[in-house]
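Multiple structures follow.
Each of the two complexes below includes chain A, the first together with chain B, the second together with chain C.
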Partner chain A sequence: MTFNSSVRFFLKVGSVITNRTILFSLTLLLWASLSAAQPPVDSSTAGLFNTPPPDVTPVAPRNLVVMDNPNDAGHAVIITWDSSIDDHPGGKVTAYKILRSQNKESGFAKVAEVPAGSQQYIDNDAADNIPYYYKIMAVNSSRQAGQLLWQVSSETDIFGPVESKPQWFDMRRLNVFIGMIILCGLIIFYINQAKSGKKLFIRKIAGLDAVDEAVGRATEMGKKIFFIPGTSDMDNVQTIAGITILGRVAQLAAEYETWIEVPVSRSLVMVTAKEIVKEAYTKAGRPDSFRDEQVHYLTDDQFGYAAGIDGMVVREKPATIFFMGNFYAESLILSETGNSIGAIQIAGTGQPSQLPFFVAACDYTLIGEELFAASAYLSREPKLLGSLKGQDIGKAIILVAIIVGILLESFNLFQLSNYFKVIG
Partner chain B sequence: MRREVPLIITAVVGVIFVIQYFIPHAPFNQFNSWFSDWFAIIGACAIWLGALNLMRISADKIYRRRSGWGYAAIIIASFLLIATIGFAGGSQFRDPGTGFDWLYTWVYSPLSATMFALLAFFVASASYRAFRARNLEATLLLLAAFFVMIGRVPVGDAIGSFIHLPESLMPSKITIWIMGFINSAGQRAIMIGIALGIVSTSLRIILGIERSYLGGD
Partner chain C sequence: MDTFGIWVAAFLTLGIISFLYRDNPWYKVCESIFVGISAGYWFVTLFYDNILGLFWRGVTSPDPHYMLLVGAVLGFMMLLRLVPPIGWISRWPLAFVVGATAGLYIINYFSSNVMLQVQSTLAPLFSTKFGQPIFEASLYDTIGNLVIAGGTFTGLVYFFFSKEHKGVFGGAARIGIWTIMITFGASFGYTVMSRMSLLIGRMEFIFGDWLRLIR
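Then we have the complex of A and B:
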């Protein structure tokens, strides 16, 4: 090889090497830039190395319906669909994905994934008055040790736009509303009748007729009267009903100059009861006879309260005990102790489960509604008695509805009972 | 004004409470929790009224040596003991191992359980009186109670099998029938009456006709 031919050979080899190096470098650069441009890998598709087996793609669900969730405060859209025909045990559907977008053409993002078999989803993350588009994706996927192997899916058509809106009336409660209007109308009507001077017949309530006798007995025996207003606070209507009776009993006790004592289990009840007893003494013309310690607090604790009253009953042996208000398990503990010392006992509660205990242990028991009627019955005030009459007419209407309902149900007609269904 | 202001507050709050049940729209849907929070706050503040009243009445009883003053002394001592230990424990006073927790577990809980356990004896004595067959109603009550009690224990059905009762007349089945039909019907009748009574009382209070809870007319 001459010098010149040798030089040409090296130049040729060098040029080939240089071209290959440039080509290799360009390939590397291209790969690196492509890698950098790829989106971050979704963890749910990480390890998606296997190609799915043939014929595993599920059929999309049908009849997609999307609407504003009714009777709510907004921020909710209800999505319902008929299951995919492949959605059955061992079928091709493993889950449904709910996708949402504000744009019909693009931007759909997953808002939820529900298991196969689901046919409804409430999107509680929707903003009010914003149009949304939805579609449902039937998904079939395979996992191994938590790792997604493959995933296939099919989608419904896009449904929308749908806007979430808050409602001004809960239509599910329409029956309650109508019932309330009728009942309140009746009560107000009879209150007005009573105010106009019409005489109303109110049936006798033995337990309330016995109040005078019970207070009188304590007076004759020279012993105390205990008034127990239950273990609930002033937010319970039974406590309020009990407290209204306290006013009448305290006034009688003040007139007869008999000591009435009111141990309570709630501070707010104590404050209210103190005011009522004080007022009753004033009404009876004996404001000086009222003593602050007549109404006193014991404890908020249910059984501590029962123990406290039991101790007082056993030591002080009152002639008369009133139990008026809301009671739980302590009802029998209290009333049996009172019974054991021979006190005349009048009880009243709206707790159906405690009524048998009071019936067994007390001389008189105001059953349910009688507790709420007591204030009107004792005062004989026409306006209050009118409300009792309205309440009784309401009861008569319900009675008729029950009888008609029984007859209809007996003939497999359930329409009437549906009107009386109440949601919580 | 002493009467009018509470009556107005009662009426306004009462009406709001009624309408919030039917209106899910804001702000009505939040009234219930707001008022519950307010009531809880007022109740928590008012607990001091009760506690101070208890201390004052008990101290007065001890001072005047009234009958049962020893019990009043125990009340004050117990109150001060648990309050002191509770406050000394700081914000973690209820954690296991604290003095408050010890008192709660070994003093308060057994005392409460003891009171609750007394119920068994009171049920026995009340049942003895209530179930005496003095008249037709009491006899029916006695029979119903007998079947319910015998049907609630395994020996009831064992006796039924021994005397070859048909399945439908087993004590457990009779119990289910009594509780599901007779008892439920009675309870529902009472509950309907209670519900009407509550509506009527509430309306009287909202309209300001019932004022006894304010201390009179």
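Then we have the complex of A and C:
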């Protein structure tokens, strides 16, 4: 082979290689672009490799209805449909897929998959005031060892547009609203009556009558009074009620010049109790007798607090101890220690599980609502007495409702209990 | 280190239990440790959970929650107690907390303590549920229904404050307080039994983990 023929041979081979490379590259590019143009593949069908057997495609569900989920704060759409006629045990439906899009023509994506037999789904992922289109897909699929063998489906027509919207009122709780209006109306009415000078009666509450006696006893003995407002914070109504009673007890103590000490377990309670005691001393005409250390913090820990008070009680031996507020397991530890030193003890709580311990270990116990009535009883303020009377009338209405409701229900006449159901 | 911890726990447990005998220096030491450590522990917990975890991270996050500043301002106002001339400002956050609490809870309490309570009481006396044939319930169920209805009714009568407890009304109130006391008795026994399990837990620690007498 001469040099020239050798050059021609290599040029020919080179051109063939170059042409094939260009062809290969073009094929690769075409395949890649076609792949990119494909719609996104549902990940659940990624393992699909078998052809489905004939006649396994289910009939699509019917009557798809989508609407804003009522009585909520938005971000929810409720989707209901009638099951496919193939949705029965052993039928052709294995699941329903809920598909959503913001465009009626395209872009539907799965938002959820629910098992066969389902007829409702709440889409809690909908943005407010955005129109959505929905459709339901009845799916029949077969799996083996977790691997999807085949899957077929049929879809409903598209429903939409539907928007999720928040509502101002939860109409399902209309009964609670009406009840509150009646109760508040009664309270306001009787407060006005009390303010206008009408005399309102309040029955004797033994535990509260004993407050004066208990403070007097401490004065006679020359010993301290302890006031324990419980282990809850100011976000508990029992603590608020307890602190209100503290005002009256502190005023009495100031008048009798008896030292009252308030160990607390919450910082907010400490600040509030300080204000209350200080004001009580001012009301009693002895603002200078108030000392900051009368109200002091121990610890937030429930049993640390109990251990601290136990130690103080056995060392300082107060003549009188008040437990007014919310108590948990420390109730018996505290009241039994007070009992062991012979202190006169008056307790009050709304905790049903702790009341038995106070009843067993204390001289007087304010049971539940008596604690909340205490401030009205002790102060005799028209505003509080009116509130108490209003609540009593509310209780009378409830008593009547109970009698009438039980009679109606017993004889299958009317189910009144439905009107007291609280939903949501 | 574990062994040291067990010995410390045993020392403190026995110190607290020694209070059953009388107040003594050992109890005083344990009490002071308990109160001091728990107060410190709660300070640190609240600092990291609330000030750092909720407030600081909430305000400095890429999507800041500026509403948290309201809480911070209220908290700061509370600290003004330390400045006597303007200490009165600290009453405002207190009023906010008490007022917000009352407003927030009134609906919940009315729903759970009134509405649901009445709903549960309104059950037929002689049948298991509404719509069932009358007198279909067993004698046991009927007595149970009567006790629930009667107990709720008389218990509610006891908590009437604006009417003297005299005559028929007073009789109903007396039945009500008896019902309440019987309930307390049952509750007392139940709770004591659950507290026994706490005692057993401590005894297991002393005789098992510490003295190794129980395996």
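As a convention for this text, the second predicted complex is superposed on the first by the 354 of 424 C-alpha atoms of A that agree within 3 Å, B and C clash if a C-alpha of one lies under 4 Å from a C-alpha of the other, contacts with A are read in each partner's own complex, and residues count from 1 in each chain.
By our rule, a residue touches a chain if its C-beta (ideal position, glycine included) is under 8 Å from a C-beta of that chain, and two chains touch if they have at least 3 such contacts.
Computed from a prediction, not measured in an experiment: that's the story for all the values here.
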item: Which superposed partner A:Glu293 touches (first chain B, second chain C, both, neither); value: first
item: Touching partner for A:Phe411 - first (chain B), second (chain C), both, neither; value: second
item: Touched partner set for A:Ile367, first chain B, second chain C, both or neither; value: both
item: First, second, both or neither for A:Ala73, with chain B first and chain C second; value: first
item: Chain B versus chain C as contact partner of A:Phe169, first or second or both or neither; value: first
item: Which superposed partner A:Thr272 touches (first chain B, second chain C, both, neither); value: both
item: Partner chain in contact with A:Ala307 - chain B first, chain C second, else both or neither; value: both
item: Touching partner for A:Asp235 - first (chain B), second (chain C), both, neither; value: both
item: Chain B versus chain C as contact partner of A:Leu200, first or second or both or neither; value: second
item: Residues of chain A that lie at the interface with chain B and also at the interface with chain C; value: 173, 176, 180, 183, 235, 237, 240, 268, 271-272, 275, 297-301, 303-304, 307, 311, 315, 329, 332, 352, 355-357, 359-360, 367-370, 373, 376, 388, 395, 398
item: Residue numbers on chain A that touch chain C, as the complex places them; value: 173, 175-176, 179-180, 183, 200-203, 205, 234-237, 240, 268, 271-272, 275, 297-301, 303-305, 307-308, 310-311, 314-315, 329, 332, 352-353, 355-357, 359-360, 367-370, 373, 376-377, 388-389, 392, 395-396, 398-399, 401-403, 405-406, 409-412, 415-417, 420-422
item: Complex interface listing, chain A residues touching chain B; value: 71-74, 166-170, 173, 176-177, 180, 183-184, 187-188, 191, 233, 235, 237, 240-241, 243-244, 247-248, 264, 266-268, 270-272, 275-276, 278-280, 283, 293, 296-304, 306-307, 311, 315-316, 329, 332-333, 336-337, 339, 350, 352, 355-357, 359-361, 367-373, 375-376, 379, 383-384, 387-388, 390-391, 394-395, 398
item: Complex contacts: residues of chain B adjacent to chain A; value: 18, 21-26, 29, 39, 42-43, 46-51, 53-54, 57, 60, 67-68, 71, 111-112, 115-116, 118-119, 122-123, 125-127, 129-130, 187, 190-194, 196-205, 207, 209-210, 212-216
item: Partner chain A, residues of chain C touching it in the complex; value: 16, 19, 22-23, 27-28, 30-31, 34-39, 41-42, 46, 78, 81, 90-91, 94, 97-98, 101-102, 105-107, 109-112, 114-116, 118-119, 121-127, 130-132, 134, 149, 152-153, 156-157, 159-165, 180-181, 183-185, 187-188, 191, 195
